[in-house]
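Common to both upcoming complexes is chain A, partnered first by chain B, then by chain C.
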Partner chain A sequence: MMVKKIAQTLTGLWSLVVGLRVTGKNFFQPQITVHYPREKVESIEGYRGHIELVPKDNDPFTARCMACGSCARVCPSGCITLHIKKVTEPAVSAKKEDNSQKPEQNNQKAAPAKKTKTKRVLEAFELNYNYCSLCGLCVQSCPAGGLRFSDNVYLAGFSRKEFEFDLLARMRAQKEGK
Partner chain B sequence: MLDFKLDEIEQSGDFYTRNFQPTPEENKLVLNMGPQHPSTHGVLRIILEIDGEYILRAEPVLGYIHRMQEKMAEVKTYPQYLPNMGRVDYLHALAWNWAYAGAVEKLMGLEVPERAEYIRVITCELNRINSHLLWWGAYLLDLGAFTPIMYAFADREIVMDILQRITGSRLTYCYYRFGGVSADIDQKFINDTREFCKYMRGRFPIYKDLVTDNIILRKRVEDIGHINLETCRKYGATGPVLRGSGKPYDVRRAEPYSVYDRFDFEIPVYDEKDALARYLVRMDEMEQSLRIIEQALDSLPEGDYIHPKTPKNPKPPKGEAYFAVEGARGKIGVYLVSDGSKSPYRLKLRSPGFSNLSLFAEIARGTLLADAISILGSLDLVIPEIDR
Partner chain C sequence: MINLPLPLIQILIGLIGILAFVGLNGLVLVYLERKIAGHIQRRPGPFEVGPHGILQPLADAVKLVGKQLITPKGADSVLYWAAPIISFAPAIVCFLPLPFGPKLTNIDINVGLVLILAFTGLNVLALCLAGWSSQNKWSLLGAARDISQSVAYEIPLLLSVLPIMMLSGSLNLYEISTSQGAWPWQWHIIYQPLGFFIFFICILAETNRAPFDLPEAESELTAGFHTEYSGMGFGLFFLAEYSYMIVACAMASILFLGGFNGPIVSGWWWFLFKVYALLIVMIWLRWTYPRVRFDQLLNICWKWLIPLSLINLLVTALFIKL
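And now, the complex of A and B:
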């Protein structure tokens, strides 16, 4: 009984030495902590910042967005508001000519619909980033591929107002800056 | 001069303190542990009635972080509810993601492409390791060891970086979609994950030397907090708590979902029923998760990562579905009732933490106060998941 107790105490003490060896080894290894403001943090690849509009390939000042509003509908927090202007344009004249050349039967059906064309034009894309949970449902739901995540890790501000963005103005300002 | 009346003191306090029925014994003290207590990991409150250092009665008080997750589902459309699942259990968010997506897929009869299933398995298991690592660090912090949590966080960081590249978030993931996942994995992810598996295997012996074999830890967890199978059955305990009591029940094996039946892995079981058994179950589970990840990476098929014909605004047909997955804390279940509209009629979330906590009142009786902390930690509680 006595011997067993002494043996237990010794193995117990030895386990502390083994543990200390691990700590000791790590003590002499290089630091893994990044001292952030003085050092740069690596591996921010894939960081999801707030969403931003993707410009058209041929015109960097126009957004790919076609103002359908599916992002605003799918957003769980309701932080997207689209300001849309409906522009009524007369149908393109070239198409009219095409129609006139076609037989009368077809023209009768198609003409009333094609006379005027209502176009939805995006005036402002308002994002209230305060309520956004960065789930990415809006990016996925966009039929035009017009949304993506920005990669500004160092976004910070003093008031709520600073996180209410107009993404369309932001996109244009960014392009002008470049 | 003290000028207050004894009646007033008795009338003070909240509903729970006033309605707490003390045992008819003398020399006892009613003590509030929490809602702000470092060992309760959040806002869990336990009213303890103690005689000296011994606990006569313990009563958990819940609801401090109740966010109406179930009710919220009824006013949101199916995809809109996806981000909520990451917030129910922030440590194993992907398992909850999976349970909800699985329930909706089951009701809709939506088939998940094979590649997506494999991606789900890999990411879910990575997340499980992450969850167990945090539990490991936090549990030892409860027991008074500070260093381990630093090691745990250093390792967690690697997993979080890997998952961040793919999912975009580090903690509250919203990655699984109906019919697949939101983004495909690439070669860098595969390489990083393989490297992590190798690295993590080398870490387990260090953990064992530093903590598991340590005599101080052994004295704090051995023969403490016995939970027998009858108690587990009574309260519906699952996960490592049940497996630490000697029952090899794991949803991944008992009712295999997704592609888990294709992998070769063991279910760690310990018969000791004490806190140490639960500790060892979780340590072994991390190794098994690594095995699953490596097998899944080896046999990763090509194909779609999301079903190409997934409806944007799904409207599952009238009916009900139940889908259960194995989370880090136990069986996660989502019961979904649909009336055919665009939002669920009712959604019931079965959280394993709630059942695991409920048995605490029974097993804490008669233990030392310091042991109660150890038992509480060994149950691996995540309070937002318990309150929902």
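And now, the complex of A and C:
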């Protein structure tokens, strides 16, 4: 009992020396932080900014989003509001080009046809970033892979209004900018 | 010209010198502490004010001096403002009998060791008053912790100093220094390695340094006994803590490491070198170990340090008699 206790204390003391060695080694190793305004980090891979919509591969102005609303349902903070318009169109129609820009025209054209199908079209994707906790559940739950994290490290603003985004408009504005 | 007695002039000059030394040391130690902490955590530490942030402690000091002194509602204002002064003033007195060099002792008093041990004990009273008069639960808890901690650790501290008194046969710090030789194998630490170990742990606890910083445990008690203090009230506590660190390390180097004696040429440079080396070890320890729990703190003292220091004392007495 006594011997065991002393042995325990000695190993404890040795662990103190090991601890000192670890911090001592780190003291002499180069720093891993950067002096921010003068230097910047090279890669921000893995950074989680607010979410953004992923455009379709063949059409950069249309989102992959199919307006199912599972992101809005799963969001624990209720940041996401989807504005969806139900569009009736012929089942055979495969017109991609004016789907996104003129949904009303589509609607009128499709109305007279007998064989119709109701489609949900995304009009606006409202994100209230003020309440977002960046948990990423929306990104995980999206069945179309239509959401990802943006990488704007320098996002800043003076009022809450500046953190309420319409992600669809943002995506289009970005593409037009490019 | 007024005819002042010579010892008074000597004490006055000494006090001015000590105040300057304490103030300057405060700045240097704050800078050292933050730089070492930074480098241990692989970051640069203060870097923006002056080259490599060397003026940062000065900027902090100016900020502290410029701040408003606020007495919290319901606090006992006399005791509340007396506490930082009671904490800081004895720290200055403790510098008086320290032999910095062969001819650099302010008061050559033959009970120097007792004087320092007695005056450092006053710090407990100051922290107790600060905690009690702040009208704040955290302050009170911090004060209560400090008292039980200091009372417990004073015992092994004294018991580890006693063998040195036996070895050198004196309470005079200058004589204790000169009873040791210039080379490391002539120092008391060779005869008293356990004593040095216990003494060093005890001064960590007595100066409330991590891993024994329970009276001001940031994560539990915000800032412990000085939670309510603003401006220079806090500044004085801070300065007092660093002064006690210097006094404690100076004691360790006088008692165990030969004081101003050193290889080749003895002098104040060896003394300062030893003191600063010990201070750096203290800072290194702070940024390595986590804070101990309160029961662990008292267990270390009552179950290990006191019995070990008693054994050490008895064995030393036996060897001296033989």
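Keep in mind that, in the parts below, the second predicted complex is superposed on the first by the 119 of 178 C-alpha atoms of A that agree within 3 Å, B and C clash if a C-alpha of one lies under 4 Å from a C-alpha of the other, contacts with A are read in each partner's own complex, and residues count from 1 in each chain.
By definition in this document, a contact is a pair of C-beta atoms (placed from the backbone, for glycine too) under 8 Å apart; a residue touches a chain by one contact, two chains touch by 3 or more.
This is a predicted model, so every value here is computed, not measured.
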Touched partner set for A:48, first chain B, second chain C, both or neither: first
Residue contacts with chain A in the superposition, chain B compared against chain C: B
Which of chain B and chain C A:124 touches, first, second, both or neither: neither
Chain B versus chain C as contact partner of A:23, first or second or both or neither: both
Which of chain B and chain C A:133 touches, first, second, both or neither: first
Touched partner set for A:84, first chain B, second chain C, both or neither: neither
Partner chain(s) touched by A:141 [first = chain B, second = chain C, both, neither]: first
Which superposed partner A:74 touches (first chain B, second chain C, both, neither): first
First, second, both or neither for A:32, with chain B first and chain C second: both
Intersection of the chain A residues that touch chain B with those that touch chain C: 16, 19, 22-23, 26, 32
Interface residues, chain A side, partner chain B - complex: 11-13, 15-16, 18-19, 21-23, 26, 32, 43, 45-48, 70, 74-76, 133-137, 140-141, 149
Complex contacts: residues of chain B adjacent to chain A: 76-77, 79-84, 147, 151, 154, 157, 161, 164-169, 172, 174, 177, 182, 206, 209-211, 213-216, 218, 312-313
In the complex, chain A residues that touch chain C: 9, 16, 19-20, 22-24, 26-33, 35
Complex contacts: residues of chain C adjacent to chain A: 36, 39-44, 47, 284-285, 287-289, 304
